[in-house]
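We call the chains A, B, C, D and E, going by the order they appear; numbering starts again at 1 in every chain.
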Amino acid sequence: MSLSATIHHRLPGFTLDAAFSAGPGVTALFGRSGAGKTTLVNAVAGLLRPDQARIDAGGAVLTDTARGIFLPPHQRRIGYVFQDARLFPHLSVSGNLEYGARFAPRAARPSRARYSEIVDMLGIGSLLDRRPGALSGGERQRVALGRAILSAPHLLLLDEPLAALDEARKAEILPYLERLRDLGLPILYVSHSASEIARLAGHVVMLDGGRVIAAGAAGDVLSDPATATALGQETGALLAGEIAAQDPDGLTRLSTPAGSVWVARPDLPVGAKLRLRILARDVMLATAAPEGISALNILAGKIERIDPAPDGSVLVRLRLGDDAAILSRITERSRRALDLEPGMPVHALLKSVSIAEIAPG
Amino acid sequence: MSLSATIHHRLPGFTLDAAFSAGPGVTALFGRSGAGKTTLVNAVAGLLRPDQARIDAGGAVLTDTARGIFLPPHQRRIGYVFQDARLFPHLSVSGNLEYGARFAPRAARPSRARYSEIVDMLGIGSLLDRRPGALSGGERQRVALGRAILSAPHLLLLDEPLAALDEARKAEILPYLERLRDLGLPILYVSHSASEIARLAGHVVMLDGGRVIAAGAAGDVLSDPATATALGQETGALLAGEIAAQDPDGLTRLSTPAGSVWVARPDLPVGAKLRLRILARDVMLATAAPEGISALNILAGKIERIDPAPDGSVLVRLRLGDDAAILSRITERSRRALDLEPGMPVHALLKSVSIAEIAPG
Amino acid sequence: DEVSVFAAASLKTALDQIAASYEQATGDEIVISYAGSNALARQIIQGAPADIFISANPGWMDEVEKAGLLAEGTRRDLLGNTLVLIAHDDPPRTEATPQLTPQFDLAGMLGTGKLAMAMVDSVPAGQYGKAALESLGLWDSVAASVAQADNVRAALSLVALGEAPFGIVYATDAKAEDRVHVIATFPDDSYPPAIYPAAMLNNAADQADRDFFDALTGADAAKIFAAQGFRVLN
Amino acid sequence: MGWLSSDEWQAVALSLKVSSVAVAASLPLGILVAHALARWRFPGRGLLNALVHLPLILPPVVTGYLLLLGFGRRGVFGAPLAEWFGIVFAFRWTGAALAAAIMAFPLMVRTIRLSIEAVDPRLEQAASTLGAGRASAFATVTLPLILPGIIAGCVIAFAKAMGEFGATITFVSNIPGQTQTLPTAIYSELQVPGGEAQAARLVAVSLIVALGALLASEWLGRAVARKVAGA
Amino acid sequence: MGWLSSDEWQAVALSLKVSSVAVAASLPLGILVAHALARWRFPGRGLLNALVHLPLILPPVVTGYLLLLGFGRRGVFGAPLAEWFGIVFAFRWTGAALAAAIMAFPLMVRTIRLSIEAVDPRLEQAASTLGAGRASAFATVTLPLILPGIIAGCVIAFAKAMGEFGATITFVSNIPGQTQTLPTAIYSELQVPGGEAQAARLVAVSLIVALGALLASEWLGRAVARKVAGA
């Protein structure tokens, strides 16, 4: 299924004026607080009736103000995890989880097994009889996520679903969202976290002040020096890779367009495709190949461009082979010390453990 | 002011059984979703009447169930930013912000200038006439923060105040919280983010299942290999430093117990004290001092211990001089390749831009 | 058989007694609905299943008759009543009760107190009382002091409770209440006769209805009505 | 029990029956109207609102009289209803129930409406994203959440129905065993010299019944509220 | 205007005065009692609740009679009040207002109570952490949030007061210019054969006034609700 939306809506003091499309997989909506992410998602869900809009999903017209079409939310089969959990206070956790199933077509209703699986994944098995009033903030958000997933939607809208969760819990839920995505459920994912986005999203739509300021493949948007200010420490490149070998010491060799890269994922089969995230701040540059160093991954490349940043650092874009580029953030002093200029060949040192990987979007 | 609390409280299915004390500065409450952080904070605020508890703040007894003492919340002068913003829906943003002032002692009431300063810092100047219903999630949280600060409290409780905010906005607010802290306002800070905690907190209390599992100086707790599982990618060391010189090219030389370290903070005066955060994953190890590399900071030290992690990596603790230690996470393969063992002298390469710094707690 | 009687509420005490002994004697069942004459009349006009109607004033019986609902030739004036001036007092005084005259200083006796009456423009006892006071030339001097109750019983209880020192009620009411006593009687010719007309209605088909209607005018009933202070009119 | 006559027992039983039926029968319409007034925008909303409040504003006697004109045997609605459907209100206990229902209706609607207005519409939105249509969302979310309001509305309507006098006696008269409710029985007693003692006993009965209902409802309302509040 | 007699105009004016005063004077107590019933736990809560509902349950005549016993010239409270404070209710418009206030009180309290119960106590908690004591938190948070409920309570009480008849006439009887309210005037007209037309005019006046109040309150309530909802 694919989603395409052109939305114009005025609120007092704020105007949303955005057009974007999202294919299958995860499309991230990224933007500052107040950028209009929730407003946009509400319009897709049908909770907001925009002044002018055309929203299509999987060929079906959800909203078309020009033709007076407005499919009511309950017919859209769009699961929505709200920024505020909005659990039903009169229902127990299990009542909330089961709520959506009764409205889903019989064939789509989640099985008992799937229900347990999701409950376990979210770690809410011991809460099933509680009321939402007796849950912690993060527990509430997890139940909301389960509730939306169990309603068997055709599209999932997630408005900062993990913001209230600790790293460990996030790490448990993210693979599940990946699985949902890989099962073909398209997801529109609002997040402030570039690493979540890098991990999940195939596409990124960056919003600012109600307008789309960048959109495209996640790798392009996240490594675009133009978005670097918005991303700050999270600027980085994405690299597609494939598992070439599982070495006996537990390390995994990936072949990427930039050459071989080693990561620690002994659990994945040879041939699996991955995506590597390489943060600019995690890449050191060296003019000669260093020796006797704990960095596993040293890639050779050529400097493509150098953009100075306001904080005295510079962002160096390296071309590694024909199809790959990565970013490195170094200090201006280092640049001068090494006399780096566009066109120079250099070695990039990647700290292996700082590589985030995903199955390809 | 200092806070000390011993709290025992049973909820159906959950028991909080925690004792901790917090000096001036920021004390972080860190723990997984459902660990009992909000429950604990509620007890301190006086919103929860624990089964058994003794809570003192600045010499005054707030709660002492043994003696039947329970100071009502409005007499505690404790500002509280709730996990859910809880703005007053009938008041405009400015009405919310001004709410607390009228109950504060005349002398403590924030001046017009302070009010504007906080409004600017939070970026809510254009929202002052809006009602909370017309705010985005992050905007709501910012107003809640301003409301608590402007009530002129003696202690500030922050329950994940920045979770809903983007990096850029966080980066604007954190220095302000630092300033509040440095002005002597003690803060109890609930967060999932180790980097926020490392930046702000002098002390960390780690909660799990309602119990305190680790507590102490932030540097100790965050670099304790025992907490590494809980912290994951966020494991790291804290290093105290002092600005020794501002070099003309914009780099700043710090003297630390581990030697000189360069960072890019041209805005700080010589003599200012800082704290450096060095994430284990940001530290590479080399057996010989590398040449021609963009890493500014290379520190010499000796391996103190090596702890294997479940994911195939190892956590290496390096002693740098008498008073300093840092952590490095490297792969087991690298360890073997370099033949690293406790007692060996090595060089640590720090990526300069990945150093987070703060004024000392 | 069942006889359905719609009767003015002020008749309750007497009618209940009459009905009880009649039921015992005949085995017929008498069901009496007590309410204000106006309500009953309107209900009958709207088709209420009543067999017999006893009104507290001729006006409402006239309305029912105009609607053509009375059984031919059955209307008769059943009872009469006398208006009296009562005062609150306990224990009751036992002086003889004089007739009111134009010289009677009612206004002076009232002072700042109220004269309790039924509503003077709408409820029969009040209309009669006003007419009597007017014909005696006393109305203007007391009009401002009149507290009008929604029925004559309510006026009585105002005096009984001492809220109003004086009141104008039927002799029957005065007789039944020992917290008041009669201080004067209104001359018969000072107000229109206070008459309770009774009639059978078109509905009334069976013998039981006719029997009870006859019983109302019989000697036993007369005794009971008289004991309550009514003037029996046939 | 010996201290009430059989007519009086009948009045007690009838009052209970009339009040319960009045409340139960008008509840669905009450919820519908309350919902319409709280959440819908439609032409004639103001008129509907006014109409609902009428029985409160008018003296009960007037309402009773209008009922007599409308639903009496020869009434505008009464006659066709009786002829075509065999539904008769006039001088039946059903008429007393109709009068009580109409008199209590504004109280019921106001109360329920207020609690509907207090339900966060964002919860209904959440239900709609989970596939619940308007009616389903109402039944599964709004309705349970307003249960305390519905209970309150029923209690206040029941209490009002138990005390209703003016409209009842004007509409269906005061026929023992058929339309004589507690209040009209009390009225009858008050018409009799020395009837105060009798009336007082009936008042006592009326209080016991209504206050029992009140306490039961408080308890029920609290239980429901606790359930919603969690724990 | 020529189509109402001066007595009738007086009745209209008096009804307005009586109803307004009844609502205004009972509102503070109404809010207090509603708050107590909604939020406090104290012995005698059930009793207080029952007491508040009494006027609804009892036939109005009984309430009027009890008022007479309590607040008449010789009443338990009436006599001392008159003697010590010079406050007299008997046969005064103030008595009509007292009767109307008491009859309308349960409606007012129920309505306000329900809206207090709908206020999220966590907002009051937030106020307390900002330094607001119980009373301040009530005044600055709860009170504004229940404004729609208070308006609704006042309207329903006002409507009830405009229509109150039985208790009023029993307590303060019918003295034109002093205690003759619209409902008593209407009742009086209905007692006379052919008085329906007269009564209808008065009913019309009564409707215009009460529905005017109703519409105004709807508008006001909506404005308040909009303000709270934001935007």
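As a working rule, a contact is a pair of C-beta atoms (placed from the backbone, for glycine too) under 8 Å apart; a residue touches a chain by one contact, two chains touch by 3 or more.
Just so it is clear, the structure is predicted and the values come from calculations on it, not from any experiment.
Engineer: Using the touch definition from the top, how many steps at minimum link subunit A to subunit E?
Structural biologist: Tracing touching chains, the least step count from subunit A to subunit E comes to 2.
Engineer: Report the inter-centroid distance (CA atoms only) between subunit D and subunit E in whole Å.
Structural biologist: 20
Engineer: Just the number, please: Cα centre separation of subunit B and subunit C in whole Å.
Structural biologist: 90
Engineer: Just curious, how far off is subunit E from subunit C if you go by their C-alpha centres, in Å?
Structural biologist: 35
Engineer: On subunit D, where are the residues touching two or more other chains?
Structural biologist: 61, 65, 187, 190, 231 - these are the residues of subunit D that touch more than one other chain.
Engineer: What parts of subunit A, by residue number, touch at least two of the other chains?
Structural biologist: Within subunit A, residues 11-12, 84, 130, 134 contact more than one other chain.
Engineer: According to the definition of touch, which chains form touching pairs?
Structural biologist: Listed by label, chains in contact pair as A-B, A-D, B-E, C-D, C-E, D-E.
Engineer: So in the complex, which bits of subunit A are touching subunit D?
Structural biologist: Residue list for subunit A touching subunit D: 45-47, 72-80, 82, 84, 86, 88-91, 99-100, 102-104, 130-134, 147-148, 151.
Engineer: Which residues, counting only subunit C, touch subunit D once they are in their complex?
Structural biologist: Checking each residue of subunit C against subunit D gives 4, 6, 9-10, 12-13, 16, 31-35, 39-40, 42-43, 46-49, 151, 153, 156, 173, 175-177.
Engineer: In their shared complex, at which residues does subunit A touch subunit B?
Structural biologist: 11-13, 31-34, 37-39, 83-84, 126-127, 130, 134, 136-139, 142, 159-160, 163-169, 171, 192, 194, 230-234, 247, 249-251, 262, 264, 266, 281-282, 284-288, 290-296, 311-313, 328-336, 338, 340, 349, 351-354
Engineer: What part of subunit E is in contact with subunit C in the complex they form?
Structural biologist: So the residues of subunit E touching subunit C come out as 65, 68-69, 72-74, 90-91, 169-170, 172-175, 184, 187-193, 195.
Engineer: Within their complex, state which residues of subunit E touch subunit B.
Structural biologist: Touch residues, subunit E against subunit B: 122-123, 125-134, 136-137, 140-141, 144-145, 147, 227-231.
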